[in-house]
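Paired with chain B in one complex and with chain C in the other, chain A is shared by the two complexes that follow.
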Partner chain A sequence: MSFVHSSPRVYLGHGLETAGAWLLGALWILPLAYAIWTAFHPGEYSTHFVPTAPLTLDNFGRAWAAAPFARYFLNTMLLCAMILAAQLVLCTLAAYAFARFVFPGRNLLFALVLLQLMVMPDVLIVENYRTMGALGLRDTIVAIALPYMASAFGIFLLRQTFKTVPKELDEAARVEGCTPLQVLWKVYVPLARPVYLAYALVSVSFHWNNFLWPLIITNSVESRPLTVGLQVFSATDQGIDWSIITAATLLTSAPLLIAFLLFQRQFVLSFMRAGIK
Partner chain B sequence: MKSIATRDPIADRWVGLALLAPALAVILVFFVAPLAMSAVVAFRRKDGGLTLEHFAKSFDLYTTDLLFTLAIVLASTILIGLVAIAIAGYLTLGENPRAVAILRWLYRWPLFIPFVVAGQVMRTFLAKNGMLNHVLIGTGLIEPLSAQSLLDWRGIVIAFVWKQAPFVTLLLAGAMASIETQHIEAARNLGARRLRVLIDIILPQVRGTLLVGLVLSFVTMLSVLSVPLMINPNSPTMMTVDVAYRINTFGDYAVANALCLLSLILAAGGAWFYLHHAVEKVEHA
Partner chain C sequence: MTRSAQWLYGWLLLLPAAVLLALFTHYPAVATLWHSFRSTPRGSRASTFVGVDNYAQLVDDPIFWQSLTNNLWFAIGTIPLSITLALLMAVWVNGRIAGRGFLRLAYFTPTVLPMIAVANIWLFFYTPEYGLLEQITGAFGMPAHNWLGSKNSALAALMVVTVWKEAGFFMIFYLAALQQMSPQLAEAAAIEGASRAYFFRRVTLPLLMPTTLFVLVNAVINAFRLVDHVVVMTRGGPDNATELLLYYIYEIGFRFWDSAYAAALTMVLLLLLGVVALLQFWFLERKVHYQ
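Coming up: the complex of A and B.
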């Protein structure tokens, strides 16, 4: 939508708007730009902006050496993949059941699922910690993943999407002789592809970022994800070397930022089409 | 032809339950049972009797933190709403394509920054000898002696707004883009200014999306530990820090559970609104 009028006043207005947008954008990006600046420059420039300051990768090298980042990356990727795979299967089946089948207690069970949306995971940490102990799973990647495998948000989002699929398509597939699982796979899943993409991005982003539960349930390098590993750098006994801290910080979030840079168009479109609202 | 309406209801019943069973098992073991146990522990004395003493102790020790948490999250939610309206409004009504493109490209970046990273970045950025003060001193806006640390409630609010505003803006900009343009064009042709169009025509139509985005942000911020832990771990602080402290330092699960249930009450109102809105939307579709 555009209401362009060509007068000097309008040109001046456009110039001011461009400047304002740059200013707001720059302010918004400043903390991230600062982190990048500090990470790529020697420590003495960490709080001084000198355009001629030399570039260095030393901070990344020192951060990488200060913590077993390779292992943390592997753990985080395994964790995200495990959770997402389980969520896609469990949430799809449950959402299909809620959207298209009538069974006793359906509304009650759906309310139970929705209750999960209202309850912050923190409320359950104490008891889930005990449960993991009873199952002998403490300090494992499986223990971090298990409580999140039946995501209420995923079930709710997919159920809302499946309900918008015309029943005629479902009926036609059944007339063709499809079983319920085939109907799900051939009719519902393809039609919900943008929702799956948006949900996958939200899920990976959330679990890549998750901190509290992994912090409590893990205590070894073999199971810790990146966010918990990053915590090492905020300990005061490490001293405050901001160059290393920001380098470690960027290492932690780099994969998500690069993925966002590469797929931001698809991400935004999926997010909007998915109707997460 | 066997239509949906004439499908065998008994078979359907079992198929539905079978489809639901795996998710239900996870929910029962890792959600329902712990939630019930959490409530039981919060209300149980050591000798097994019922008590409110853990809640009384929580209020004794942490009333300030409870109010602090509520104030921080509410203030952040309001600011997130204002920032999101401003950015999404400009993206919709902006007349300068270059400015719109710049803003659209830049505002989304914090979306993929983890809270723990946002906390870490803000911790170094907002400190007394951090980059922000150096920039302000360097540009002559403040004297070196008047530089102050923002690592307190202000730092938490700044980190929350920075991290969450893009999420709400994304939802809001999407909703604004799908509005019929005739009303907007008619108002603009009649001479209405953009701010007026935004407030009188656009916002009322995207109010639901805005509120849902804010509610999701409200609930998310209530459960964040890393940001308050890194920026402002000392009292008064947010309740997530208190919960971690009760568990790690005292092994006091009863008070920790009571604090968690109090957080739950704060979050439940917002979450109920989200569900009510979303379900109503589908039923009316």
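Coming up: the complex of A and C.
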């Protein structure tokens, strides 16, 4: 916004705002900065802030050795990949149906899909646990992923996008002899690429961070994602060795955090794009 | 394409997503209602129909009532504050402020961190005796205080974590809306001699109404859905002071394995979310200003 700075009062106001913004920024970064300090310094400096304190990577080594984090990383990556792959396929097909086909019950079915925006799998833990038992899937990565694969948010987002594709493109492809699935693949999917990227980033950061359902449904190292592994680790194994716990905490958040720092603009744009629709 | 081919294609494309949605969203919602009228199977005793027994138990359960009031306080304490801060942040990083890039980074970072990791960091922050907060208050000569261990401050301590985590997330939506606003509006107002505050109140805020509604609905859902920090930081204690509804469901369902009572509790949560949905539609009916 371009306002002319005319009077001292306006200058003062602007200065106060800048100070406020920076104070808030400092408060917001403080907990993370504190964790980084503790993780990179020997235990005796975890609460003594001397600039000359020696740096060390020891805490990370000890944390890595104290719990099967490598396995947890693998599990989380498998989980995120599995969910995202299924979401992309299922949501694309469903969104295509809602955007470009006329069939009985379409509005009712769409309303039933949107219901999931309110009643998320996170809330239905008791019944979904029972269902997974009946399917014989408890304590597997598939069981963590299944309730999230058909995502109302994804269907909604892609439907909105597909609706903006000009019908002429669709018809031209059909005249060329494409089947509906070929049209989807050759016309709609390429045009929606930025939305796919946005959705993928939001989905991966959601499921990388998800905790309660994985905590309930998993029970072993082989299926636990990072978040649950971190909780088991810091709650039972370590007592209160904060240097190790903060190191492990940073370790589990590192991939997302680094990705975020590298692709900051992309991240922010993606979250925006997902929110505007 | 013939009409029946359209039908067939529509249904077939929808089928895979519909099956999964039905299995993990619609069926469990209905099954919750069904199981809330039955008893929990124990050992060789099968589940039986018990009418409204579970709901009667719920009405007489002081911990349930406390978790409900806690949750309402939690919502009241976190939602307006995080939305206000989000709006402030968005206005700041949208304007020409010094260090805009860093500020945006600082505000948004908590969003990409897992709540569980965040909770660990804050747990350390709040630690009695040598946690950072204690060191700061101690330096100012204030008496020692166990922030998470005291009934009076534990819930507030969790609220701070939640506001910290969510404000930057909501900021993004406001930022998106602000960037879509025509700069000519501000220019016209400046020429007319409108002050920044007046312009903000009379033009920006009304135009942001749809965003505010969207953020509000998300914030309300999150207030009832996010309990990761409770698991890590307090486990509902001390003395149930931080017991939230979903965490109580988790305890009843997976610590005491009383699935029937947990179903009745879940029904309360579903009812609350249903009310939020209805209110949202009601507001949309009354036409929030859409551009």
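Everything that follows uses one rule, which is that the second predicted complex is superposed on the first by the 239 of 277 C-alpha atoms of A that agree within 3 Å, B and C clash if a C-alpha of one lies under 4 Å from a C-alpha of the other, contacts with A are read in each partner's own complex, and residues count from 1 in each chain.
Criterion: contacts are C-beta pairs under 8 Å (C-beta built on N, C-alpha and C of every residue); 3 or more make two chains touch, one makes a residue touch a chain.
Just so you know, these numbers come straight off a predicted model, no measurement behind them.
With the C-alpha superposition on chain A as described, chain C and chain B clash in the combined arrangement. Within the superposed three-chain model, A:D170 lies in touch with chain B and out of touch with chain C [touch as defined at top]. Once the two complexes are laid over each other on the shared chain, residue contacts for A:W208 go to chain B and to chain C alike. By the document's definition of touching, both partners, chain B and chain C, reach A:A94. Residue contacts after overlaying the shared chain place A:L146 against chain B and chain C alike. Residue contacts after overlaying the shared chain place A:C178 against neither chain B nor chain C. Once the two complexes are laid over each other on the shared chain, residue contacts for A:T18 go to chain B and to chain C alike. Look at A:M77: by the touch rule set out above, it reaches neither chain B nor chain C. In the superposition on chain A, the residues of chain A contacted by chain B and by chain C overlap at 1-4, 13, 17-18, 20-22, 24-26, 28-29, 31-32, 34-35, 38, 47, 89-91, 93-94, 96-98, 101-104, 106, 109, 112-113, 115-116, 118-128, 130-131, 146-147, 149-150, 155, 174, 180, 205, 208-209, 211-212, 215-216, 227, 230-231, 234, 242, 245-246, 249, 252-253, 256-257, 260, 264, 268, 271-272, 276. Looking at the complex, you find that chain C touches chain A at residues 1, 3, 6-7, 9-11, 13-14, 16-21, 23-29, 31-32, 35, 85, 88-89, 92-95, 97-99, 102-118, 120-122, 124-125, 127, 130-132, 135, 164, 168-169, 172-173, 175-177, 179-180, 183, 186-187, 190, 196, 214, 221, 224-225, 227-228, 231-232, 246, 249-250, 253-254, 259, 262-263, 266, 269-270, 273-274, 276-277. Across the complex, chain C is touched by residues 1-4, 13, 17-18, 20-22, 24-29, 31-32, 34-35, 38, 47, 89-91, 93-94, 96-98, 101-104, 106, 109, 112-113, 115-116, 118-131, 146-147, 149-150, 152, 155, 174, 180, 205, 208-209, 211-212, 215-216, 226-227, 230-231, 234-235, 240, 242, 245-246, 249-250, 252-253, 256-257, 260-261, 264, 267-268, 271-273, 275-276 of chain A.
Only residues 1-4, 7, 9, 12-17, 19-20, 22-24, 26-27, 29-35, 37-38, 41, 87, 90, 92-100, 102-103, 105-118, 120-125, 129-131, 134-135, 138, 162, 170-171, 174-175, 177, 181, 184-185, 188, 208-209, 212-213, 219, 222-223, 225-226, 230, 240, 243-244, 247, 253, 256-257, 260-261, 263-264, 267-268, 271-272, 274-275, 278, 281-282, 285 of chain B touch chain A when the two sit together in their complex. Residues 1-4, 13-14, 17-18, 20-22, 24-26, 28-32, 34-35, 37-38, 46-49, 89-91, 93-94, 96-98, 101-104, 106, 109, 112-128, 130-131, 146-147, 149-150, 155-156, 160, 163-164, 167, 170-171, 174-175, 180, 205, 208-209, 211-212, 215-216, 227, 230-231, 233-234, 242, 245-246, 249, 252-253, 256-257, 259-260, 264, 268, 271-272, 276-277 of chain A are the ones that touch chain B when the two sit in their complex.
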